[in-house]
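What follows is a short report on a single structure.
Letters A, B and C mark the chains as written, and numbering starts fresh at 1 in each.
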Amino acid sequence: MTAEIAIQARNVSHQFGEAGEARHVQALLDTSIDVARGELLCLIGPSGCGKSTLLNVMGGLVTPTTGSVTVAGKPVRGPMPRDLAFVFQESALFPWNTVFENIVVGMTFQGVAKSEREDRARRALRAVSLEQFAEHYPGQLSGGMRQRASLARALSLETGILLMDEPFGALDEQTRMVLGEDLSVLLSRSQKTIVFVTHSLGEAVFLADRVAVFSARPGTIKQVIAVDEPHPRKPSFMTAPKFHALRDQLYGLLHDEIRKAMAESGQTRRRYDDVANGADA
Amino acid sequence: MAVTRTATNVSAPGGGPQLRRFLQRHPGVMRLGVVLVIFIIWEIAARFLMDPDFISPPSVVFTSFGDLFTTEGVLSALGVTLYELAIAFVISVAIGVGVGLAVGLSRFAHKSFMPIVLLLYGLPQITILPIFILLFGINAPSKIAFGVSHGMFPIMISVAAGVQNIKPILLTSARSMGAGRWHILRYVIFPTMIPSLFAGMRLGMTGVLLGVLLAELYVSTAGIGYFTSVFTQNLQPTKLIGLVSLLATMAIVLNEVVRRAEVHYARWRD
Amino acid sequence: MSIRARMPRERGLWSRIVQLTFLAALLLLWTMATTEWGVSHILLPRPLSVWHEFVDIIGSGEFLPDLRVTLGELAAAFAISFTLGTTLGYLISRSSYWIKVFEPLFAGIYSIPIILFLPLYVMLFGLGPASKIALGATISFFPIVLSTIVGFGYVDRTLVTAARSMGASDVQMFRYVLFPAALPVILAGLRMGFTVALLSVIGSETIASLAGLGHRIVNLAENMEMARMFGYIAFVVAIAVLLNTLVSRLEARGRWQ
């Protein structure tokens, strides 16, 4: 694949708080990676390893302490709503709007012409098979449907890049599998670049073209593994020997890092998670 | 933790098993019954046991409403009071939302000014009622001002609290989609604030009612206060009870309107 | 959107500074208005004058008879509402049916400003302390009875079942389970009742009375003795704050959660 670079991260380091302060945390240390256009790159690693931080840095939500990121050739200095769209783990749908209204609002923010909004919204809902629930409120939907609605909102923005932060993390395994298959189908139909943060080894191998494995905190990319399998991936891929081999390889790389992360004090990790999730934004 | 009633299900009194069962299934009906009993006691006491110079039975009050309305100035006084309530409420909401947003949106402003707001809210404002009258006169402006002074605080406090409780993920998400300050205010902050606003407005309406009516009662040379004073001094309990009942009804209706609005607009929040 | 201070500790200090500056600025405005900007002393007395009057009020003991009247009315009103409210509340709480009947009724009545009925009370009881006591008792009855109903009526069933399984008698049940469980809620209701009784008493003294602190303030206003009136207002506010703090402390002592 001719590698046209969609996202380029160079020597990104990020810390929360000043050195010496009680809440100081070195989230990322000197991380670099290129994301090719049209590929699905998974970021995986133990808790607190900075994968979400890297995603936020790529998306312009966090300015890194050092290092830089370029998206589609442009340096990232803040949110770039025309180039990238986020899907978060927590439902970021506005509870006071219906699903349809939520999608329209996103386009209002981005600056889409009024006349186009409704059509785009309907198309996005069709893409995730949620047309029947357009007039429902998020509170009336299951977790899986909410995340599909969040995905629809991101799709309606018609960006080249999707940044997904553990979007299926709060869902049960069966829903995860089905949504993962749908995502794979979507990927094969569009040319979108996706950066996908996950905890799940199986999910990473099933979805990704490449998997970037993080070390424990202070996080940096330990190794990048390629998954050579075309999209759309069938459920049968999950029983293939290649799948298991890759999964084992991932586990081998992660095992020690996970232990290391668990040995750290729970308190520091919790504070880091609060800060990383924007509580202090 | 299951917090359930520890009380036993004692059956309702009443003759005959049919009636009993009906009343048991409809406590609301029993409630009306209780209210009716109170009215009956009032009727009997006022008619036979007490001095008619000082109290009137409800039957007389009810049938004499016509006299009350034809008494010169009563209807317009009631109208003016309603007008004062409306204006005071609107102003309270305006100030309450304005200050509430300003204080709630900034963590620093909240920490600095909220204690002052709470302190002012807790003071017995009735002590400065004479000052309001001296400042604003004996007519509508002073009543409105006193009403605003009571009604704006609960709204301020509720709005500030509502805004403080925005889920950060919603702000992050909006930012990531390119929302500017105005967009965030209009599409995220404002809708979040609505349920708290309506809860605050319910308390605010109670406050406005208190403020306006207190001021009205205090000023015995004009408005409602004039009539309560006149009816008391001229020993006209029928008219006095009628007037007070009308005011009470006004208060109940206004409270109920705001309460219904709150239920309606906070639908999505559960 | 928030002004992030360098360190969280400093943020607390800065808020304090802002508050003090705000209050100092108000005081300055007040002084300037009455001395430099020529706001009439009939409307707004000078801060210094108010202070002198305040000191005089306390020093001369002039406040004593009025204070005695007001506190007396308050005590009587609260005693009545306390007794009636807790007793009735307990009795109602014994039956979930009667709770359903009375709780919405009481809550509904409480939502309107009952002080509205003051003219009726004055008609029945006259301008003396009796009407203030009666109205104060009426108004403070509601938060007390409601909190008593809720406190006793909604005790965790698990606790009651456990006690019953261990053989607790009705008296023991009340003493060791119901009462301690209900206490925090009831105390909160009592505090609310006390606050509301105080406001009611002062309020009714302001509107229709011959004695008491509320009446004194109105009297001074009518005689245009502004500085002294402000002094008394400050005094009443101080008393209110003192009493409320006392009652809050008492409430906190009774709380286990």
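Methods note: a contact is a pair of C-beta atoms (placed from the backbone, for glycine too) under 8 Å apart; a residue touches a chain by one contact, two chains touch by 3 or more.
The shown structure was predicted, so the numbers you read here are calculated from the model rather than taken from an experiment.
Trainee: Using C-alpha centroids, which chain lies at the maximum separation from chain C?
Mentor: With centres defined by C-alpha atoms, farthest from chain C sits A.
Trainee: Per-chain C-alpha centres versus the global one: which chain is nearest?
Mentor: B
Trainee: Report, in whole Å, the distance between the mean C-alpha point of chain B and the mean C-alpha point of chain C.
Mentor: One centre to the other, that is 18 Å.
Trainee: Can you work out the whole-Å distance between the CA centroids of chain A and chain B?
Mentor: Using C-alpha averages as centres, the distance is 50 Å.
Trainee: In whole angstrom, what separates the CA-based centres of chain A and chain C?
Mentor: Whole-Å distance between the two chain centres: 54.
Trainee: Can you pull out the residues of chain B that are in contact with at least two other chains?
Mentor: Residue numbers touching two or more other chains: 171.
Trainee: Which residues of chain A touch chain B in their complex?
Mentor: It comes out as residues 59-61, 79, 81-82, 84-86, 88, 90-92, 94-97, 105-106, 108-111, 137, 139, 157, 277-279, 281.
Trainee: Going by the contact rule at the top, pick out the chain C residues touching chain B in the complex.
Mentor: Going through chain C, the ones touching chain B are 1-3, 5, 11-12, 14-15, 18-19, 22-23, 43, 93-102, 104-105, 108, 111-113, 115-120, 122-124, 152-158, 160, 178, 198-199, 202-203, 206-208, 214, 217-218, 221, 229, 233, 236-237, 240-241, 244.
Trainee: Mind pulling up the chain B residues that touch chain A in the complex?
Mentor: Residues in contact with chain A: 167-180, 183, 187-188, 191-192, 194, 268-270.
Trainee: Can you check the complex and tell me which residues of chain B touch chain C?
Mentor: Going through chain B, the ones touching chain C are 1-12, 24, 27, 30-31, 34-35, 54-55, 105-108, 111-113, 115-116, 122-124, 126-131, 133-135, 171, 206, 209-210, 213-214, 217-218, 228-229, 231-232, 237, 240-241, 244, 247-248, 251-252, 255.
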